[in-house]
């Protein structure tokens, strides 16, 4: 009944915050698109949890810089490989958790173990440690060695997603009052209504300007945007392009998602390369830009953004050439390919704003090029059946639309999952590609980059496994009274420490 | 009366059991929630682990048997998504919806009865036609549409009210207004129809012969008689509202049970769905009892 | 103050309907003096109730308009008064009671509240109004009045409800009481009580009583003067005695002639005793839960015989009819018809039996499906029993039947609501005849009809009995009608048959006290005869009060 | 003996009674236009309704600049609003009509059974109705639309099932009242079978009430379908319905109000037409009230 009481009391205290007028206060209100219903730091790879917890309440050993400056120290000050499968991390001294306990190597080990516990299902576990055997050892209070099997060349990168909690945190259930080392303390959670963070005066780093932050939840983007307009809120980290109508407050940022259609290379007529090329040539990518998609989207040649290791600069955006598409189709037909089979476009509803319209337009373009095609939009869980293996045996030719998110700078998971024969979402079965991926996964340095680059060439040019569309952008609305620059990281975190007041 | 409540309770329990069985099995048919909870690139092993942890690998009959045993101990299980007791999650959300529905229905009843009675008194007059037309238009306009337009006008343009959320009394006005429209139109029509027939009944003539003034004739003599069919409709509408003012709660960011239910359905959070249905079904049962009680209070001829 | 309380002059009332203007009341003038009882006599549609409504300002405008005339009370023309002053006269100076008190009392308020409200609206303080309400309850003869103040209308009997209505009307000691058919739906004994209560109260207060009725008997019992209305106009005025003895107008003459119960008593019917009874009922009983509605009833009906069942409400006479027709199942007993027990028939046998025994219900408005045409209603009999008539003969037979009951064949495609009450009852009879039955059960089949119509329908039934040799079981509470039509009479009280005999015996030499009371309470149309009977009745009623068993 | 004349042909009667009620006439004309566009619209306008034209998107309405097809403006990908509304009318009307019809038929049949059979059967049916009523309709929608396909048929199934209890309870309540009426007893006395009593005597009394509810339900079903689309589980593009159009136009309310306005207006107008028609029908179906409409005829003759 706590909530009923609180809303009654709230109703009684009419005047308290009736019309929020933000004068000289140092508090900010942030509108998230989906209710934050768990706050456990080990769930911080969920974007809304991350926007609250990550680097505000809980910190990680390493941090991926958003301005292209690579991996930066956070709770670890340095790291180095000890041997092929072991990494050594040196930890920051004089760091305290908000409950007053000191941060040390045991906490790091405990946090990683907790993340991988089979008592709770942490997103971070599946995301970063799937298929890895991990063993850890505290060399001293501020040094820890982590050994993985098989070897993981990008372990420091992976650890940029693993939040550190104090030893003894409940490992059998999600916690509701997270304790961390970050610049803010998790101080209040009115379930369903808001979450309040307050500044941590014992923070090891610089003291940020923002004194407290209130997170509220609005699933309707138009309402969220209106809240900044009326002064009820300061930041909407993610909103629809449709609502981004005010250049003074609305900023676009690459949201690290890449929109593409996966071609099922196993089913006729899509098993013919000419048909797959024709599909790519049928799409007028320019027509989308600045119309139903934002001006700032970048036509893609592969499903990872250019900042990724091994991104292949030689691949060109497919031109819009319906004539050539038709010719290719005729060619295939002449060779006995059954090009009249109906091709199903499978979209995921609410994947991103306007996805339905985008899919409808793509359908029309594909049909214009002479294809027999149809469109179906599915809810995420059903769409999953099409997207992930095992695929239905009698599925027919399918183009599955998806967004892929890789902000980690290394394409290792992307390549395995999407293009390896055994990858969960792969619709290509090619031995040479498989071995390329296996080699690159184990390689390091320039060799790794060269191998990935070759793999992307095979995928994008030789086989043509996708219809790459765009590197997408997100929109954030930021109130004029504060200074905050959304970046690619805004997709998964929102560091209050980066906010200043005008 | 006691026997009546007992009989009603038994029949409700039967319905509730039927409901639970149906919801349990049908919701299992909506697919495996694993994919929704783990990142798309989660490995087969971690998926397996998840299923094991939530008992999704057991046969559906075993799952059901376990569930029945838990329910018997009043344990609704933990929410898959939130890793907290499902009942706790539901009971946090329910008071919001209850209060929202309660206030809205009080207002709807008051205004529908007032305006409907006046419209009936001069049936066919200008006021009657005006209210009929507008209530019909209001109740056939999509509620999310009305909600957004209301926000744009009253919050963004005029700045009279906050856009959404909770906290102060002002936050309740827009959601209540939007929820108000449809039941208002419906109940207004019922009040009007019922009033017209009551106003032509013999005892109204008696009251006029006694010299009773017009206002007490409408609101004392006629209204109490006219309320009988009306409260049935009020009950139905209130029940519908308890079962979810989904759209309004979604748009206005109200942490109510309707939003919780749709979220849980979309997330396949079965324990929460079941707990939510139990709680709302119980509330609807109690409300129906109150409606029956209201019948006996309104009309001394009705005895259970 | 003069003796003249009310003067209605040249009153005309019109109703604007879609069918055009209907002149409900035309150029009506009458007056009422202090302490006087004026009866307005007329049949349905005569405009008598509209006249009363005009006095009370109860005509809804639209559709009703008073086009002409004046209603003078206390020197003022009521029609010129502003609405609120007019309202204040209602209940305070002029009060009104109605037919069917159950419908006219608000079902959801306590009667005490309703009585005192009549005073509160005229400014009497609450406590005083409540006290006077209690006094009035005592005065009108409600037993245990203190407790009954908090009871609701449905918890009273019909007679008590009318007493409550009277109490409510008398709250402000009005000068004039308008009583619109105050006793029409009541049992004869209750009717007598209510009428004498009104008389007593009038003597006490000296108020003028305007009595609206269709019943010559009521006029004879109570009225000083009578105004006869027909089709919105006054056709005759005079003292009650002079109008009855020496009617001038044709309509009045016809009305008086149609009053039942004046024909010489029938002699013993010419039925030979050796005939087999058509229906032999033995030890029939029917219980509803703990209530015994019918106890150990035994009687028989001969072919072609008219057996009347009389009794007051609650006597079990309708239960008897419904049980015999298997509309409800009996709790015990047998009914032998053509050698078979009606109560142990199979579905199929029951279906066959339905052809032979038919029923005509009290209210033809209710018993005819409003959504079916007359043709459909009558021909449904053959749709159910196709062996009676091939489909191509339906049309001809329907017109034949309609002619037989005195209607026109071209009426076949009309709907029931387009006919008058008497015509509807003829249609119901035609429907019963369509099955060519051996016996027809009439459950109060003429009670709801106007006197002149009643006479016509009885004549029709008589004719059918003679020409088709149909037996009738004629259930009625109205003794004069029974006297004219029945061969034999069964008197029922509280679920039991208390007396049986041929009509002559029952009417001339009743044995049971109850039968005597019934006969005494029934009103004679002749004021002189009625005056004599009144004295007789008073002694009898005293007897009954002394012997509660006899009076249930 | 004079013969009984044949009654006037039904269609002529209906026509004359319609002419007497101008409001109902307007409603009928609107509905006929709608029915015609539902039948022929998709044949002629399919292309204009589905062909995107990103260069002509969100063209404002009430201007002939872009041709008459775009008189009501264009949507977010440049498709004619007019064409889309006309084409969508087929799905919309199909869904609402069939759902309401199915719900009415099933609810009415079960209500008749519940009202005219043993208490046991009646109780069983009522408990079933209780279950459906306390079953969140959204859950039902999700189950059916996920388990099966989000097709029009399945949507109809969901909408129909959730509306059945309303008709069931109304029908039963009316049956309980009507079965005690005297004319039903008169039919029993004549030996009419249960079937005959239900179909010939009780049903005709119940139907007008059900029709009134059904016309209001039409709006309800259209809006429910719209809400499902809003929540992303209703009809999926490229199929179109008015409800879906309203839901899709919602994000554009500020920049391009016409996207949600026209389909919303279509829903409101249809509801109002049906409502007017149902008021007329109640009168026309009731012989006691019918004269109100036949009077008009006399003055016209």
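Observations, loosely collected:
A, B, C and D label the chains in the order they appear, each numbered from 1.
Basically, contacts are C-beta pairs under 8 Å (C-beta built on N, C-alpha and C of every residue); 3 or more make two chains touch, one makes a residue touch a chain.
From a predicted model like this one, the values you see are computed outputs, not experimental measurements.
The chain pair with the larger count of C-beta pairs in contact, out of C-D and A-D, is C-D. Central chain assignment: B. Criterion: smallest distance from chain C-alpha mean to the mean of all protein C-alpha atoms. One finds 86 Å separating the Cα centroids of chain A and chain C. Centroids built from CA atoms put chain C at 50 Å from chain B.
Chain A and chain D have Cα centroids lying 45 Å from one another. Chain contacts: chain D has residues 146, 250, 253-254 touching two or more partner chains. Counting only residues that touch two or more partner chains, chain A has 222, 379, 381-382. Among the residues of chain B, those touching two or more other chains are numbered 30-31, 148, 152, 250, 266. The list of touching chain pairs reads A-B, A-D, B-C, B-D, C-D.
The part of chain D that touches chain B in the complex is made up of residues 123, 127-128, 130-131, 133-140, 142-143, 146-147, 216, 219, 222-223, 226-227, 230-231, 243, 246-247, 250, 253-254, 260, 264, 267-268, 271-272, 275.
Those residues of chain A that touch chain D in the complex are listed here as 221-222, 240, 242-243, 245, 287-288, 291-292, 349-350, 353-354, 356-357, 359-361, 363-364, 374-379, 381-382. Those residues of chain A lying in contact with chain B across their complex are 1-4, 7-8, 10-11, 13-14, 16-20, 35, 37-38, 40, 45, 118-121, 123, 125-127, 130-131, 173-174, 176, 191-193, 216-220, 222-223, 226-227, 229-230, 232, 379-382, 384-385, 387-388, 413, 417, 424-425. Here chain C touches chain B in the complex through residues 56-58, 87-92, 95-96, 98, 100, 103-109, 117-118, 121-122, 152, 154, 165, 168, going by the rule given at the top. Residues 11-12, 14-16, 18-19, 22-23, 26-27, 29-31, 133, 136-137, 139-145, 148-149, 152, 186, 239, 243-244, 246-247, 250, 261-262, 265-266, 273, 277, 280-281, 284 of chain B touch chain D in their complex.
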